[in-house]
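The structure appears right after this line, and notes come after that.
Order of writing sets the labels: A, B, C, D and E. Residues in every chain begin at 1.
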């Protein structure tokens, strides 16, 4: 390949012509024995270690802090009460009777995830502007994944007019209320309100691969969410919560997102033909520089919590380098990632 | 009008959980200050939390002894010096723009994503405090953005609903913002005449209505019966100068000493913060 | 069953835009208009290539985050097909107006619903491509897309092409795949709960619909047709629409 | 922000102005004495449709009008009290600031900051502009600093007055508008009357429609001296303290403060409720000193625009004189930026205000029989229409 | 070149506002400021004291193009700074150790060098100053001028992009009237240029008049990196096609 006419120190080279710079790094490992290394010193299949810790935000019902290399996300989950009379065209559900399940969650918008990038997390995201297309896209992806995976069961979010029998024992006077209320008005047990979970994600630092980090943060936060025990107070005609008692939200499964970007040899690579001419590399867990240089990306969400690998979602866009085989192969990569993340979540 | 660039909650407004005080017989601890009147809370400061920014810092103030009272948690990132937008006129100095925002989960009430007046107000106070500190003429026709996210407000989970003490919370927040911003600015390598730090002092009445008010530093509203007045001060120690002074409350003008002592305490608090700040900066360059 | 209804399309329906197309299939009706290359706004002009802007307008109300997502998906795909390098610092604008979508009795009528509506993706792709063609925007390749749902019914799982919203509700997984005219996998969106094997079958089915080589080349198409009468040959459809349009345009000769 | 709109003074002019203001005694452009205010024209009751209104016009042509409108509003009860209402949609917005006081029994009247809604309009500034936000924050802060004002709006446990305070600058902001706006709203509040309440207890309130009978929001009996707050702008150049600075003067200020003071009944009685004027009067009697009992409500540093002024350049390092290009000169320029102030060459000030100066400023404002008293007297003189 | 004095007062590390010494002993350099007759640090970093001997620091640079001056002017008057004997004291963030910055040729090495995002302290942002030699990329060209983005100033990579302008009369020293911008630069070229003025609010004004200034990196129509063959031509090694540029004289390493 033709060397540039001037010798540049690496940082200058990186700044002036990033694409050749990355290319040079990937190809420079002349001997096939050594795997190609990226500009960030990682191998193509090498991810950044993910650190997740349940952070302690005292005003949120659940929260988490996830670090993926230099990408840091803070997630806070907060529950608020939505009385059914405020639900447009509310369809009553009876206890035990088959509820609408996912439909209920979706139709009443009980899960409200939002991603805020404009926190100065990176030079291109400055505050005071409406959410960028990226932020909106991320929010949407988290939203639909939350629903499609059904991690949160609606039964956790229902508040019944009578203290739930058996399942979880509410506090003394809570039960007491229940009793005398029964002697009084004979009204059937009904859903009086729902918990709405506001899931707010704040990017503290941004260095590529936002979705994996954000999703991991959501999962971690939900798993450490516990809502106060709520009951219906007949004479105040409102839902009141116990200060002392909390109930852990039970989260189904552990879906883990794994993203890779495709870096093509030709910067202006011809696309369309089944196989793009020129080599291409699958860069796992891309960082900020790499994301700007790659057009094609794939995200696969897998859950191996019950033995076999179940794919929860695939999102692949912006090119044709990734064909059927690559997707197949990527599943195994995602599996590997799942194990890593599972370890981090413990 | 719902913000269609965000995912909005249900159509009907939701209610933050209402706790039944019946079940909890007065667990609100008697309001007593956990520290001697002129010691500030412990402060943890760290630079470089946002590698993608020119400079950044994270500040955490220890949560107080009383249960449910959260400490202040601030994350600040500085971007710049950067070129000004095309629309901007020529400026012989660096153009400072400050931005303070509470995270939605930072306070008892869930905050919206759009800045409310109080947050704008904080931003302006911060700007005033910093503009005195930086040497603006070193950076012609360039701008710098200072963005602070208040991850957790300095607030009492139990009582803040029942007290008009948001203002006092704001003062504490501002004090923290100034200190953390100073650290981030230094980290970003923007010339400053000195390290500016914020300090808060308050005139409190602890023993009932007609008791003698006392002056304390770094007040936590929930730890005091009543706060008569408070001030937040941005102070440059080596120059012995004040870049921003914000006093609020209700003082008889008859005895000015009350006011002066309040300011003095504020400066003392700022000095304490400054010690932490300088220490933190020193280890950044080690 | 909506899936069986053959797609209908008309080109150049909007006289004022450089190119436009009206497309209806599987209960969806969309109109797309393409303008470009035109001068780009200062802020979103790329020094070395054309900026492809995609705008998706819902049937009612204003677009929300969901539309943004659809736009970004389409944008990244179309930018690959259009020869953007040919028009540096210019803008190619694709506006997609959703006119009609099959009613879903379950979803209560809220305009800003963020959940990603998969079933509409193929229609969006098809319409956009047709409009681009009618606008004469140079492209590397065309693309065709289809939606496939995997439905478990009494133990046996079967694949539903162009599922109705009802089926999407009940399906165990939903997939949208788009292929270029060179049989490259351009876009792959899947949601639900499935295995690699299932995805493989989906891939086969989708490819069958999108990339069946036109009868002109081989006769195999006929045979396949018998196997799957319901599925329409997207690429063939694309071609025929264009041909008829061209014929119409040259009619006066 | 408003204080830092671009000033069209050359470095030379700035240097001259700064010099003349730092003389002892300072020489002001318009020949005023340091403590002298610009002459102003004031009138009240100009808007018949309002509960109270005022208009003030400064000699320099800046003019503001303020209208006060009061509406009865149902009080949103808080949890922990026996009945619970929630304003629809009010959640999360105004609820951020809650009950002004928590005193059990003694005072059943509770004020709420959200009962007062203040809007400031400055021509040429968007209403979410930081400058406007700052101004309204400052004004409302002064108004609500003591929990007392909101209490005046208390009707009964279920209802209160909602007070809309619309402050409009109808001229372009020729000078920093804070003092003007503050004085105008002071007058407007002075002239504000609320209909007399005829209903008792917690029943839905109904009022006396006789406007003449309507009591003032701030009782006007000679006895009580309680008055709405006023906010003064005061700046320092060197050791000179200058009141009510003009825009040009402000641009060379070393430090500028906005100080809000009010004249209230003495602290001891403040806490206790005085529902009737008589009580208030009695309270005033108990006041040890004669005359007003001034109270300091708030102080804010105004970021002086001087920091944004273009610096002068000494000839020696002026690029126009051939110093450009050469390495030597650029070095000199660099270091020269670090020389001590050269006579006649303007340099934007660095750093903050000396502690002593700040102290002196406040002292000066608060001194008994000082400027504040003058201003209040002047405002008293304005007869209420 | 920098030596921290072991002799007296000045500390090795400085925090903004820290006293460095009396103005009578040092000249204020970058990262310091003067406050009533004393020098204080204005930056966080290490203290360097440069002996006047090597006063022209890294910006080694021949006197600027005198012919640019419009009028004859007296030699610059001696500035009112302390006599040049005084050593210059300055504060700067510890720089990236050069050992970790090999030439880009050594790929793997380069990988390590720029590894780990915020791993090592990044150098402090600098502003382009009159006289600096900068590297910039051409963003757009017009008959009158070439708009560029300044990426590297001196030997330090800039965080931000600063917009610059190369006016047609500043392209080369001779035959200015014959200069055609499109024969000198193309969008995408990397150009070495010199800052000749701070320019207007948006742009720095740059010049490539000197021989060693001009295009250093150019990509051909075919998309290959080209090599310079003459002072005005690049050649595509693969297609052999020639393209016109204002070529920078390759510098002796």
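In this text, a residue touches a chain if its C-beta (ideal position, glycine included) is under 8 Å from a C-beta of that chain, and two chains touch if they have at least 3 such contacts.
Note that the structure is a prediction, hence the values are computed from the model and not measured.
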Touch-network distance, subunit B to subunit C, counted in steps: 1
What is the minimum number of touch steps required to go from subunit A to subunit E? 1
Of C-E and A-C, the pair with more C-beta contacts is A-C
By mean C-alpha coordinates, which chain is most distant from subunit D? C
Mind having a look at which chain is the central one, using mean CA positions? B
Provide the C-alpha centroid distance between subunit B and subunit D, rounded to the nearest whole angstrom. 23
Rounded Å distance between subunit D and subunit E, as computed from the means of their C-alpha atoms: 49
Using mean CA coordinates as chain centres, what's the gap between subunit B and subunit E in Å? 39
Give me the residues of subunit B that touch two or more other chains. 5-8, 11, 13-16, 18-19, 21, 51-52, 54, 82, 86, 89, 91, 107, 110, 135, 138, 193-194, 236, 239
Would you please write down the residue numbers of subunit A that are in contact with two or more other chains? 70, 88, 109, 123, 136, 139-140, 143, 207, 238, 240, 268, 288
Residues of subunit D that touch two or more other chains: which are they? 79, 84, 350-351
Touching residues of subunit E toward subunit C in the complex: what are they? 139-140, 187-188
Interfacial residue positions of subunit B with respect to subunit A in the complex: 3, 5-24, 27, 49-54, 56, 63, 68-70, 75, 77-79, 82, 99, 101, 103-108, 110, 113, 115, 145, 147, 149, 151-153, 155, 157
Flag every residue of subunit B that touches subunit C in the complex, lowest number first. 2, 4-8, 11, 86
Using the touch rule from the top, collect the residues of subunit A that touch subunit C in their complex. 88-89, 100, 103, 106-107, 109, 133-134, 136-137, 139-141, 143-145, 147-149, 268, 270-275, 295-296, 298, 308-320, 322-324, 327-328, 331
Subunit A contacts subunit E in the complex at 1-17, 20-21, 24-25, 27-29, 34, 37-41, 69-70, 123, 207, 266-268, 287-288
